[in-house]
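Consider the two complexes below, in which chain A is the common component and chain B and chain C are the respective partners.
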Partner chain A sequence: MRMAPADAATAAARPMPEPRQETAPAARTPDLMAPRPFTVERVTRDVSDTFTLELRPLEGPPLAFQPGQFTMLYLFGVGEVAISVSGDPDRPERLVQTIRAVGPVTRAMTALKPGAVVGVRGPFGRPWPCAEIEGRDVVVVAGGVGLAPLRPAILHVLARRGQYGKVALLCGARTPKDILFRRDLRRWGGRLDTSVAVTVDRASAGWHGQVGVVTKLIGHAPFDPEEAAALVCGPEIMIRYTVQALNDRGVSLDRIYVSMERNMKCAVGFCGHCQFGGSFVCRDGPVFRFDRIADRFAVREL
Partner chain B sequence: MTGETHGLDRILARHPFFDGMPEGYRVLIQGCAANAVVKAGDYVYREGEPADRFYLIREGRVALEVYVPGRKPIVVDTLGSNELMNWSWLLPPYRCHFDARALELTRLITLDAVCLRAKMDEDPVLGYAVYKRFAPVVAARLAAARRQLTDMYGAPGS
Partner chain C sequence: MRTHTSQAADRPAAAVIGDDGLDALIRALTEAGRRVLAPTEHAGAITIGDINGLADLPRGRGDVQAPGRYRLTETEDAGWFAHGPTAEGWKRFLYPPEECVWRAEAKGASWREEPTTTDDADSADTLALLGVRACDLAAVAVLDRVLGPEGAADPRYRARRERAVIVAVDCARPGGTCFCASMGTGPGAGDRYDLRLTPLADDPGSRFLVRAGSAAGADLLARLPARPADDAALAAAEATLNAAGQAMGRAMPADAEARLKRNLEHPRWNETAERCLTCGNCTSVCPTCFCSEVEDRSSLDGRRAERWRLWDSCFSVRFSYLHGGSVRESGAARYRQWITHKLAWWHDQFGTSGCVGCGRCITWCPVGIDITEEVAALPATAAAVPA
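Let's look at the complex of A and B:
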């Protein structure tokens, strides 16, 4: 990967911010470890193995969050998993979380019906730097269910559209059936001030959209590489290829933010489960400025 | 597909394929070129046909499909504005590898490969200039196809 030098000569030569620290320090605060009960209000099946829960606290205030933050969602008697908030940060009354069923806990969650109660801890983690990148072009690159943690950032940006330059959303999915949030994509794509491109890895002839890897979208997307900040989330291979393609187009690594996943337990920087090189994903991430972690991407099995 | 040649010099001069190519060669290649328009749903070429042309897409989008008996064709790639299409004309046996179907109204420049192959044989410097523009395209498509093979969005552990 070519390491583009920090864009010292451009008008936007201010140093790029790191995601803000939002989490209270470690497990000194006991309620960070105690789940609050939330009722399932609605369940929506998004694509075959992915569904969205809308949750409301049984009592107490709604769960305010920053785009990119996650909760620890506890299915009583089964287990607890880290899930990003996928709802609108300006409307936190309902906690919205989009889940792909991949293992015991997430699969058991597919049986949740309205009225069921789950436990919620959080929100945790450093968010997407939505406020800090005001004034820039914004490129969002999402792979598969990676669109879920990006949805709040997209909604935040579009609700303050005038604060940003060009906005490009680039989404990759496995097949047309696996495209998440189609209704949102159509709505966002219908705006004259936002460009939306979707590509799938494979399709049959009924599909009229693009076919090919998501990185192919980066070369043609309308944004100024010297001025853009990129938000990237998806499988780790996709992140690697995407960062490379963004960097090849001229987006320096300090303007690329990625959201990382590691298995979690405490989610408050205590247990070390989520270690990623010298950081804990729950406390120092999940959103990282890529130049800070680039060295770790060159190392296998971190 | 309908063809015409007017305005070609202007269109070719602007196309990235000709970036950095000596004007003399561009004029030479222009001798093998024609404009074409393909309507949505129509085929530009079919798998197995002689690869006696290649294309510069001006605007529009084309799907590369594999025909499967008794099923809908599988789309393996889509190409859009400014992309090169059909590199099979460079290598024997000069046969098209896929069906190329326009997904929307598509404007193309078609280049007569038989004519160009002869000119390239006569002038290897021209040949090299053309190969230099095709090799990165072929390499990028191979890399993209291999990434598609990783099935990166597949279920973990599957």
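Let's look at the complex of A and C:
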């Protein structure tokens, strides 16, 4: 894989920033393991197994967050799961979280109705480097529900559209029914300053869009590979091939940021479950600059 | 943590104590209302337990430790602290295997928090840890980095740790699986003790050089029947440590971190996995393994909920579970995770090795896998990865 040329006197040669440390390494108080109650204000069914909760704290200030951060969502007496914040970082009054029902806790959460109360800890983790990549082209590549943690970054960029170069969103879904945030994609695709492409693994009747894996969209997407920064989230296999395709087109590894998923339990870097080599994904990630983890990423079952 | 003074002027000079001094020390700790924990003989092993007096300490009991093997022995010179590393370390008393970290009762659609039994620092046991070996003291220093104010700062760990008095006892007889000398953690205790006892080489079982490492330790020392240490006593203590340093059963290669990081895909992992039962004994007896599960529980009627922190082990398949499967399915990957975390990634995370050389993981491994042998089996340079 190609790295950025160290001596090129272009914008692309600026040292790429690491994701910022957002969680203070300072003392953990008992509060960090204690969930804070939030009321469910709205439930939206997104696609078959995925839904979005809009939450408001019962008391106290809203939960400010950076794009790419996650929270630990708690269902009283049932359990807790790590969920990406999918809302608008400029509007933190409502905490928006998009959940795919894949386990006992997330499935139980499908029964939540407005008025119910859930617990929230967080936000945790290092965010997408939205401010740091100003001035660059931005290519966002999402696989499935991986679009959820990218949505705040997209909203941040589009709200400051003039600060960025070309913006391309490339989304993959299993089937047309599984395309997340359709309304957003239509709205973003309707902008003349933003390119949106969607592909599905398996087409169904009535689908006239692209068919195939999301990496196939990378070759023709409008961005300058010498200039662009890429934000990637999806299944690990998708990340692997996406990074390869971006790198093949000329995006150096230090301009590719990926969001990793691991088992999260404490979210504050001491339970050990989310370890990925020397990193605690909850604290040192979930967003990593890819060149920093490229060696480890290649090792199976690490 | 309590301030540990390093100024010699603040404390009495080193002293020498015998049986009566040891007895007075235990009484002083007990009378101060402390729960005194020390090596005790239990179920055919020396392990940490409560003591009420000198009579509860094992006397003249040694042990033979080898990979997958532990046997108690009678020792000829019939002294105190004649044993190697205890079957379990002190971890369970500072960082209990199960602990409630949050509790609440349903109230309307929400809940009302209730105190957990350990929220109130005053209700935590005030511990005296008596007979902490250098390796185990180094392990406490490692846990301080992970869970103490230097790390994620578990308030419950911190409360116990801040209130504990630590009496270190240097090793005169390392066990057959010991390798603290090669880890730089022993046989003499480093810092973080209140009192440090070093067996005197001419009478290692009953005469000890005592040094204070804190104001609390100095106060204790001043209350013990002791005579001032002369040059002969200092030399006898030094002789004990020199001899112990030469008597290590094993040694860890100095480049363990680099060997592991360079050989993440070495065929040795699969070979070791054929022996490894992934039982997690090594993580249980390791004095620094800190990984924990967060478990949410509820009462049958769903009105009450609790959150518990439980010791966990990277050897379970469930440990790395994500929807759809676990990251580390194979035993090889799980063994690799444990040893690379302990000896390599730990440096990245906490600026120190996670291994203190106590050798417990070797002794208590049911199939006798030897952490030093596993590192030595990896080439010092990168292995050619088979296609």
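Heads up, the rule we're going with is that the second predicted complex is superposed on the first by the 288 of 302 C-alpha atoms of A that agree within 3 Å, B and C clash if a C-alpha of one lies under 4 Å from a C-alpha of the other, contacts with A are read in each partner's own complex, and residues count from 1 in each chain.
We adopt the following convention: a residue touches a chain if its C-beta (ideal position, glycine included) is under 8 Å from a C-beta of that chain, and two chains touch if they have at least 3 such contacts.
Note that this is a predicted model, so its numbers are computed, not measured.
*Asks:* Name the contact category of A:A116: first (chain B only), second (chain C only), both, or neither.
*Replies:* second
*Asks:* Once chain A of both complexes is superposed, is A:A173 in touch with chain B (first), chain C (second), both, or neither?
*Replies:* The first partner, chain B, only.
*Asks:* Which chain, chain B or chain C, ends up touching more residues of chain A in the combined arrangement?
*Replies:* On the superposition, C touches more of the residues of chain A.
*Asks:* Which holds for A:V102: it touches chain B only (first), chain C only (second), both, or neither?
*Replies:* The answer is both, since A:V102 touches chain B and chain C.
*Asks:* State whether A:F270 touches chain B only (first), chain C only (second), both chains, or neither.
*Replies:* The answer is second: A:F270 touches chain C but not chain B.
*Asks:* Just to be sure I read the superposition right, which of the two partners does A:L192 touch: chain B = first, chain C = second, or both, or neither?
*Replies:* In the superposed model, A:L192 contacts neither chain B nor chain C.
*Asks:* Residue overlap on chain A between the chain B contact set and the chain C contact set?
*Replies:* Common to the two interfaces on chain A: residues 102-103.
*Asks:* What residues on chain A touch chain B, complex-wise?
*Replies:* 49, 102-103, 143-144, 172-174, 178, 199, 201-213, 215-216, 220, 234-235, 237-238, 241
*Asks:* If you look only at chain A, which of its residues touch chain C in the complex?
*Replies:* 26-30, 33-35, 37, 39, 58, 74, 76-80, 100, 102-103, 115-117, 261-263, 265-266, 268-273, 275, 277-280, 299-302
*Asks:* Help me check something: in the complex, which residues belonging to chain C touch chain A?
*Replies:* Within the complex, chain C contacts chain A at residues 101-102, 104, 106, 109-111, 113, 119, 146-147, 149, 151-155, 264-265, 290-294, 296-299, 302, 304-305, 307, 309, 312, 314, 319-324, 327-330, 332-333, 336-337, 340-341, 344-345, 347-349.
*Asks:* Any idea which chain B residues touch chain A in the complex?
*Replies:* 61, 63, 65, 71-78, 80-81, 101, 103-104, 144, 147-148, 150-157
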